[in-house]
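Two complexes come next, and they have one chain in common, chain A, joined by chain B in the first and chain C in the second.
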Partner chain A sequence: MSDAPLVFTPRPADPPPPSTIGVVGWMRANLFSSLPNAILTFLGGYIFYVVVTTIIDWALVKAVWEAENRRQCLDLVGRSGACWPGVVEWIPNLIYGLYPKDQVWRINIGFLILLAWAVPLWLPRVKSKVAIGLSLVLLYPLLASYFFHGGAQGVVWTALIALGGAAFLWVWLTTLAEMRFGLGFGALVARLAGAADDERARRIGWGALAALYVLALLVVSQLRFVEVPTRVWGGLFLTLVISGIGIAFSLPAGVLLALGRRSQMPLIRVFCVTFIELFRSVPLITILFMFNTMLPLFLPAGVEVNRLLRAIVAVCLFASAYMAEIVRGGLQAIPKGQYEAAAAMGLGFWQSTSLIILPQALRIMIPSIVGNFIGLFKDTTLVSIIGLFDLLSMSRAVGEDTRWLGLFIEPFFFITMIYFVFCFLMSQYSLNLERRLGEGQRR
Partner chain B sequence: MSQLTGSPSSVIRRPATPPMRLGAFVNDATVRSVFYQAVTFVCVVGLIWYLVSNTITNMAQRGMSAGFDFLDVSAGFNIAFTLIPYREGDSYFRVFQVGIANTLLVAVIGAVFASILGLVMGLARLSTNWLIRTLARWYIEILRNTPLLLQIIAWYFGVFNLLPLPRASIDLGGVMYLNNRGAYFPAPVAQEGFALTLLALVAAVAGAVVLHIWAKRRLRDTGRAFPSGLAGAALILLLPLLVFLASGAPLAWDWPALRGFNFRGGFSVPPAFCALIVALSIYTSCFIAEIVRAGIQSVSHGQTEAARALGVKPSRTMRFIILPQAMRVIIPPLISQYLNLTKNSSLAIAIGFPDLVSVWMNTSLNQSGRAIPIVAMTMGFYCAVSLGVSFVLNLYNRRILLRER
Partner chain C sequence: MSPPGKAAIQLIGVSKWYGGFQALKGLDLTVAEGERVVVCGPSGSGKSTMIRCINQLERHQKGDIRIHGRALCGEPKQDAPVLRETGMVFQSFNLFPHMTVLENCTFALTWVKQMPQAEAEGIAMAHLERVRIPEQARKYPLQLSGGQQQRVAIARALCMAPRIMLFDEPTSALDPEMIKEVLDVMVELAGTGMTMVVVTHEMGFARTVANRVVFMDQGEIVEQAAPEVFFSAPRYDRTRLFLSQIL
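The block that comes next holds the complex of A and B.
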């Protein structure tokens, strides 16, 4: 026997059985865990294979990309392949409707401004996000009407549009100022001007804003666009206009209706409940029909309301009733202690609502609000039934074009992808937002 | 604090008659509430009065009438598909009934298919099989993120309108035929003595219900289970079948057959109906699938584990433990999806299926010009359905709430 101490050396652990790791292990666990599962996997795989190859075959492999008209497509591949030239030719119309070709840049500029207006909301160091968001909802439509509709405006309208322009200038100036110096635009101007005290600084800030407004007024009153009547608006552009206005209107209106429904005042509650329940229980198409046939009756003789406006009024009222129910759900989820604490601090109704309740409630409601927006975006297709040329109507018009007669499936496929991309991105963004905002609540 | 409470001397006394100052009056909650309500009332009533007076003036100018007297007048147009009998000379009120019947038909059939498909997809979404789960997820994502109207129109123009001519109909087992004029089924024609079979069916259903109640009570009292579902199904199937055969099979089938350029006989539905049903049930099934998934996931996993620990079989765990709890979460949104489906069936107008909105709010309105009564009746119908269903739903909610602790 040697004196060497006995040292315990553990045998290295066995590697896991090869059937439980790697691709094989994953497949065993997730695809072939039991006989029924294996059958399901094969069945699902087969269905997937058939569907995907059919679509790819039709849309890409056998598709025709160059042809003068549908007859040529049919002669080449018959119905087994897609006939894309018709869709490609119609893409400008699908996007802009019958908007004059030489004016289309106005739409592009309008949407670029919208994007630029919204970008600061995602920039980390910008503090005035609430003001920027509010100005986006309330003042951007003014600027948008200036670009999209154009035409000669009266004094009041010019002044309002200038307000929109000034707001846009302010948004970017204040964004840059806050990112670079951590000060708002007005405060920065006051600092640069060497204001002695707060009172003077405030006055200089307002002066700077007034200067912006005068600048915008000068530009707007000098620069006039040709009028493009709403009759020729169409395509994706019209879809976005209707859903955009619907969204912008329904959020504040929905908040007011929901507050009214929860109000202690019986009369206000009755009005709000009636409105909400009436508009929620009938289909959107009946409301569109009603406004289309009856709005001219409701208004004094001689007042003309164009078709687009009728549709927009209907969509706005419909969307606000749905939004009201979502907001009510959010308000109900706030514990009563929050209301009581706000009251104990001496806050009045509007103060406690806007400072304590709504900020918390809105955070809970974000997923449902985005869901409502998606629904609204999809529902705008209904305006095609009352004769507006939205994306869906335009895509049906392709098949009524004499050269592409009967070409329906391809444009439908194309706009389905457009709708899907928009709605899917919105829903994924909402999921992402929900996850991020919920971070603080998670335990 | 304890000094303050209890001793009568420390109770704060209000002045006997508070002097009425303007500030106190204006800031009084009741006064303000009355004031706000009065303002709202005046605004709303003023707005309504303004609209109504404009409408009356406009209608007088255009020579329109708002009365319901047109309901008895003959409508004078034909309707492509009617569930209840309708002839061209029938009155406008009959048109209204036809529209309601067609809408309800679409709603009921759509709801049945949507529920089945939604249940399957919801369970597939929870499958342990990765492929099935992923396929179900993309099925749901793609279909619920595209507009329903687009789907309806695509099914109509892209599928059901492109079906072959009647002469080259697609033959589904020699029973059902599909062509570009619609779908054709054999129609049952009851002969003398068929009423007996129907009676047997009613009796069997009643028996199954009684059996189910008895089995449930026995399970609760003694713990011994009885396969009441299976027995009930057998009863409902076999009893009428026996009576049917015993009474000499008094049922004839009216088979659709190709005569000339089209099928005659049997029961037929137009392509628009097929497109509408397919699109509505597929679209709604996505939402139902998500509801089913959320409902099942809402039952905490501890329930399953507890059942396993008590030795409950997996199949019974699902039936007696998971489903009853999930149902509470599932039923209310499910009903509201059925309501959505009913409302969405109004999109039939885009493909020319004669539902309520199409025959009533469109054709009849354009022909008779009675905008106000027609709009009111249409909205009244949808409101009645919606409010009626939510009333029942509220009752149900109250019932399941009582069972909670």
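The block that comes next holds the complex of A and C.
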């Protein structure tokens, strides 16, 4: 027996057997692991092949691309090929509804501004992303209403629109300042002005913002667009307006409702529970009808709320109630210890909720939130029932055009593609977001 | 037994009920400034409840709690400055998983104390060095081992410059290999004269560090004594039984 201990040397690791890795290994494990599995694989592959070739045959191979009217299409290929000229001719209407052709550029500019407003959120070195995101949700609609609706504004509206304009200017000035100098817009101006102390710097920063506002006010009060009443809004544009507002409104409203539902204060809790349960137990279509036909009964005579606004309010309230339940689920998944740690470090309710709890809860809720957004986007098709010309109703109008009488399938196919692209992009973005936010935080 | 020096924590007849169940039965306890008290007792005896009442994670219904002579009134706004003198370390660490280790530490400094970012990071790094993990500052908590996470939690609490540190079973969730690294940090902290109340069953730690050991059962303090007395000559049968089970 010797005193020296044995020396433990770990064995080197072996590679996995080749038949279990790579394409072959994957196919073996997933497609052909057993006889029934192999049969299902072939059957599934066959069905997939038949469906895809049939669609391609109809939509591309046998399709007609040039014709004056539907008659010509039918004479050429009958019903075996798609008749696209009708759809192509109607594309402007499918996208912009009956919006005056010479004003359509306003919609385009409006959406370009939306994109430009959102771009800084993806740029590196931009620190004010939260403020930019908030301004996008809260202030962009003001500016958009100016472009989309136009017409004469009262003093209040002019002031609000200018606020939207000033916010847009601020977003880009701050983005550039932060990317170039690492300082926000206000701080940069203060630095350039040679502010001596923090107090002065703050005052100069606010002064710079005020100057932006005055500038925006000047522009807004000088530029006047022709009024385009919401009656003629339609198509994809209208769908995006309704769902965009619904999405932007429902998330913050849902968070507040969910917090209210967990509140210690009975009055708030009862209000939130009632609201959520009421709106969740009624179909959206009923709510749309209610708002459309009954809201005027509650308003004093002479007060006219336009049809679009009624639909938007209905969609917003409905979506908020659903969002509230999703958020509540997310909040429940956060362990109590997180609240306690925050409280033990001296954070108040709003601080711990907004900085500790919600960021974690929202991250795990991303799939359901985006799922809800997608549902909302598709649900807006219901507004066609109360006489709004959204994408779906516009597509039906094609087949009622005298030259394209009966052309229904092709426009449906086309808008299906549009809906698919939007929803698919949303869902892909959510997966991507989930992956990025989850970095380093896997349990 | 009245400890010397000024009182850091005073519990006077503190009672706490969960529904109809009384978890604390009129506790009296005084912890002097700089004193290190270890609290032990069987599971469910009210140790956590007591320590959580001290920093008001749980509100007691009867009796008085004073921190450095100032009574807690139950109004979050008024109690906040008093409670800021206490720091807490939990059994399950409770780090914020969506923030890096450094952010976990600077977070409360910038939001509660309104400190500039650079200054907060300086303080945080100093404390991370103190618990010997400055190199992990940019990682996320869940990328660290349990022992490392608990040391971050200690650094995080220390960043707020508390005068009293409360520990609720800081090593119970750890693998045996990691207990020592956390206890070492706590021993070092004890050397700085920090007032500490530690709920733990690490009797080695109690022997070397504690000025006093408090034994609780069924929501009451059964007995308390200096560690050498407590371990060698416990007065109650209940204490003896407990010690025989854990030693």
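Keep in mind that, in the parts below, the second predicted complex is superposed on the first by the 403 of 443 C-alpha atoms of A that agree within 3 Å, B and C clash if a C-alpha of one lies under 4 Å from a C-alpha of the other, contacts with A are read in each partner's own complex, and residues count from 1 in each chain.
Operating definition for what follows: contacts are C-beta pairs under 8 Å (C-beta built on N, C-alpha and C of every residue); 3 or more make two chains touch, one makes a residue touch a chain.
All values derive from a computational prediction rather than experimental measurement.
Once the two complexes are laid over each other on the shared chain, residue contacts for A:Phe420 go to chain B alone; chain C is not touched. Within the superposed three-chain model, A:Ser393 lies out of touch with both chain B and chain C [touch as defined at top]. With both structures placed on the common chain, the touch criterion links A:Ser320 to neither chain B nor chain C. In the superposition on chain A, contact is made by A:Gln360 with chain C only, not with chain B. After overlaying the two complexes on the shared chain, residue contacts for A:Asn292 are found with neither chain B nor chain C. By the touch criterion defined above, A:Phe412 lies against chain B but remains apart from chain C after alignment on the C-alpha atoms of chain A. Set against each other, chain B and chain C differ in how many residues of chain A they touch, and the higher count belongs to B. Contacts of chain A with chain B, set against its contacts with chain C after fitting on chain A, share not one residue.
Interface residues of chain B facing chain A in the complex, by the touch rule stated above, are 33, 36-37, 40-41, 44, 51, 54-55, 57-59, 61, 127-132, 135, 141-142, 145-150, 153-154, 157-158, 343-344, 346-347, 349-350, 357, 361-362, 365, 371-372, 375, 378-379, 382-383, 385-387. Across the interface of their complex, chain B is touched by residues 30-31, 33, 37, 40-41, 44-45, 47-48, 264-268, 271, 277-278, 280-286, 289-290, 293-294, 296-301, 374, 378-379, 381-382, 384-385, 392, 396, 399, 408-409, 412, 415-416, 419-420, 423-424, 427 of chain A. Residues of chain C that touch chain A in their complex: 55, 57, 76, 80, 83-84, 86-88, 90, 92, 94-98, 107-108, 111-112, 139-140, 142-143, 156-157, 160. Interface residues of chain A, counted against chain C in their complex, comprise 335, 337-338, 340-348, 351, 355-356, 359-360, 363, 437, 439-443.
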